[in-house]
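You will see two complexes here that share chain A, one where it goes with chain B and one where it goes with chain C.
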Partner chain A sequence: MSSSSSPNTVELDILGQVCPACMLVVLKEVNQRRQEITSGQTRLLIRTDHRNATVTVPESIRKMGYRVDVAKVNNYYEITVDRR
Partner chain B sequence: MAEKHQKPRRDERLAALATDNQRLIAYIRDKTNHLLQVMGTAPLQYDELDDQTLIDLDPIGIIADSFAQVLDFLNQNINELQQAKDELEAIFDATGVGISIIDYDFKVQRCNEKQRQVLVDPERREIIGCGCYEIYCGKESPGLDCPALETFATGRPALARDVKKKEKYFNVITTPFAKAEDGTVSQVIEVTLDITEKKLAELAEQQQRQFYLQEKNTLATVIESLSEGLLVIDPEGTITTCNRAAGKITGRSEAEIVNRSLDSLFPPLAELLAAGREPAGTEFPYQTPAGEERLLAAGTNRMPAPEGEFIGRVITFRDVTEEKKKAQMLFRAEKLAAIGQLSAGVAHELNTPLASILGFSRLLLKDDNLTGGQRERLEIIAEQTQRSSTIIKALLSFARNSSHTGRDRRACDLNVIVERAIPLLTTDLEKRRIELELEFQPLPPVIADPGELEQVVINLVLNGMQAIGQDGRIGISTTTRGQKVLLQVEDNGPGIAAENRSRIFDPFFSTKSVGEGTGLGLSICAGIIDDLGGSIEVATSRDGGAALLVFLPGESGG
Partner chain C sequence: MLLNYPELLFPTFLLAGLLMGWLLHRSDFCIAGILRDIFLFRSFTQLPALVLLVVATMVLFQVARGAAILPFDPPPTLDGNVSLLALAGGLLFGVGMVLAGGCVVSTLYKLGSGNLTSLLAFCGMLAGGMLYAEIYPLVVELRRAAMLTQYATLQQAWPEGGPIVAWGLIGLTAIPLLLWWRQGKIAVASPAAGYIQPWLVVLLLAGLNLLLYLLAGWPLAISAAYAKIAAFLELLVAPGHVAQLAFFQQEARVIETVHGRLASSLGPRIDLIFISDVPLLVGIILGGMASAIALKEFRLGPWPPLRQGVAAFAGGTLVLLGARLAGGCNFNYVLGGLPLFSFQAVLFTAGLLGGAWLGSLLLPRIILR
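On to the complex of A and B.
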């Protein structure tokens, strides 16, 4: 897949889940999609309403070498994971 | 029985396995929590995940996979960092400026290759941890002009220009690099820029400028010291520079000369130049503002300029008025000498016939048969012939003096010479009833021709006799004046008028009636005395007559 074309967005809805479950769910998803994301094929969009997760999740995923952005949308948060 | 017996044992085993299972699940939960804590999140809650869900989720596997990614990313970062560090190190060493990191105790923490080349003794192995003042500046402590001192004190960058270290020149800049917990600067980066070449070029330029200034001053002094007048004119013919002599010769101030046209100062010279001629020693008349007429001689030179360009010229000139006057006087003197020579030739030729006339007229006078009238006329012939003879003798003497031949110079006593000359004058003195007073003092010898000196004495006494005419007094005295011998001849005659004093030594100048003097006597004396290195002066005697003072160089110890 060409890295220049915009990636497919894979959504992961963890609304209602709290730490550490949401952390494990997100990590599992990222691990499984490692190739897709690092090749630029896929972007992961996580929806969460657990505020702590907007701190712990991006921190861990950044340490794994990804680009993470957090945005507040209505009454929940959107965390996007892209390759660096 | 056996079945009964087996059942409790299986229950026991099941219970043991259940316990084991509980222990293992607790272990998994504990390790999972440990890992979650490392990941920075909260521990697991029992109500959140039951045991079966926990095992199905496989959190340890998830975290292990994530850790693998973290490790990969970490390794990648480490490689990139190492590469960046290597690059930075290369840049640090390859840069053209010396860079050094110095801590608060002025100990060197880092030093790049350039800094080492420029400021560190090549023999020195260890630099890190040594005092920067010692290895860079060769001092025992940081100098007050050290910019690092200022940066540590103020926390701001500092610059020191033209710092001399080990015979080289630098600009040194320090900037804060690290800060201590209290916010003060703990390390500075010192950047050293070697400006030796630039500085040396500057110094050389300064030296050269000084050299040219010195040369310019020398030239200005030379120009000012010239006795010749000097003008510099631009291509339009305007005077741009003049020296002191130019002002003196033209009788104008420098301000009056500079910025005026050459045409208005020296019209004849400007005309020549306009006609395309180069004056060289050209003479032209000039009138000073005070109305004094002067004769100037000028030469010019074009100013050195690239070919095809004309940037002006230099004019030098001098006042030749006096020179011309002297040349004219010399010309006249030479003419007089020529006349003298000619007269001598004629005189010599006349002497013989005159002797015959005198001899025969005297012979005739002895004849007793002469009438009174004849005798009277013969006496006139004899007397006039005698006078002619005297004039001729004087002319011959004048001519001999100009030729200087047959002279015999030796040490002689002036007193003896005066005594020897007196008998020759006695007859004449007695006839005129003139009393002679003599006063001699011992004298050193003078080097002269005795005959010439005798002639001087006779001429001076004759001069006095002619001035007195009849009845009077002539005094001759000798004495010494320092190294000189003084002969003084004075009379009580009418004296010499002030307006004639400068002319009495000129040949043929006479105040006496025609026939009384030749006008050559004093001129001959002056010639002889001048030749001996002496001098003759005219003064007034104690009783209003003339006094002639002759100074001759005395021979000391000789």
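On to the complex of A and C.
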């Protein structure tokens, strides 16, 4: 029986950044790592303290065909981008 | 009217600011973001809330006017000097708000939550106020040359037809709102803790706007506070120079009360603007701070990357330059002027949209190089 390996987690820290700059930075990173994420090789973990980013980032990334989860951690949020 | 009891102005506006800061922080409602995201990301998520805000305010103002509890004359924050500078000011404001990541109000509640990018934008706005004071004599000449009409509002220009057009426009705007409601686009799905739906916040904001208009004599306005704070700061380092600047000496808002004529300036004086616009500004910061602390989300810092920080400061400068050039900000014109069918507000909003588009072209080139 074979098992798939867990993806590598790449962290993107955009704490302190506000929209739209934080969104532009995230989109650039996601586009640069498109093949790694869609192949399941990489998971992107975004750290943000900008509340609006928890709406705008998932909205845009999901439209690109990825799976996005959001969780609150301490006083900021973690947005995880995986292949669907 | 609160102006008959001026000692009540400061606490009333401070309380209004606290409430606004809290609600806006919880709903992430940002006019700058809503207009910018249309051009930058083709996103319309919070546009229904903005349209609802303007329409709800229009309805409240028209009903209040019909009931004779609001005057048909425009408030002192919407003067009759309609000029093309409103368009130019809106354009500058629009570019600035994209670079700054917020407008004159959203910057405040984000600053209150500890965001240092917004602090840089806020400092840029103060710098914009100081810069405007230097170029003010040139602006006066330009404004005179660019004057379009002395009528401030549609109802001033056309007393008989104004209310008909107003209600007609309200009725037309109800159509997209109903469509959005049926499509489930009025509510926003957000995982942020303590989120309050923007549609609810804008209805409360419209009510607060009417209340302040009834109590104080003018709807929400805040950019004058930035100019006044800038004047006080500049007074600390260059008092002689401040005394010479015409911008800080001229009358900015004049109100008739039972105590007589109340005039205020944008200069470093304790006057009407100091006890109304300034506590509103401070209240929004504190309201945002209180909301962030209650959610355990208050974080001081970190500083943004250099390019973002410079863009925020420069953007803030353009925001205040644009606001003073136009004679008001997005809150004054979009939330106060448009509902009152002010010509100046229409020009400003047109410029604002153009500026948001232009800013959306510029920002990626600055941030992502």
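The rule is simple: the second predicted complex is superposed on the first by the 81 of 84 C-alpha atoms of A that agree within 3 Å, B and C clash if a C-alpha of one lies under 4 Å from a C-alpha of the other, contacts with A are read in each partner's own complex, and residues count from 1 in each chain.
As a convention for this text, a contact is a pair of C-beta atoms (placed from the backbone, for glycine too) under 8 Å apart; a residue touches a chain by one contact, two chains touch by 3 or more.
Note that the structure is a prediction, hence the values are computed from the model and not measured.
With chain A as the common reference, chain B cannot sit beside chain C without a clash.
In the superposition on chain A, A:Val30 makes contact with chain B only, not with chain C.
Touch criterion not met for A:Ser39: it reaches neither chain B nor chain C.
Contact with chain B, but none with chain C, is seen for A:Met64 once the two complexes are overlaid on the shared chain. Using the contact criterion defined above for the overlaid structures, shared-chain residue A:Ala21 touches chain B and also reaches chain C. When both complexes are overlaid on chain A, the residue A:Asn52 reaches chain B and chain C alike. In the superposed model, A:Asn75 lies in contact with chain C only, and not with chain B. Considering which of chain B and chain C touches more of chain A, the answer is C. Once the two complexes are laid over each other on the shared chain, residue contacts for A:Thr9 go to neither chain B nor chain C.
Judged by the document's definition of touching, chain A residues 18-21, 23-24, 28, 52, 56, 59-60 lie at the interface with chain B and also at the interface with chain C. Across the complex, chain B is touched by residues 18-21, 23-24, 27-28, 30-31, 34, 52, 56, 59-60, 63-65 of chain A. Chain C contributes residues 25, 28, 30, 33, 36-37, 40-41, 43, 45, 98, 101-102, 110, 115-118, 188-193, 195, 296-299, 301-305, 308, 311-312, 360, 363-364, 367-368 to its touches with chain A in the complex.
The touching residues of chain A, counted against chain C in their complex, run 15-21, 23-25, 28, 49-52, 54-56, 58-60, 70-72, 74-77.
If you check the complex, the residues on chain B that touch chain A are 36, 39-44, 48-49, 57, 59, 62-63, 65-66, 69-70, 72-73, 76.
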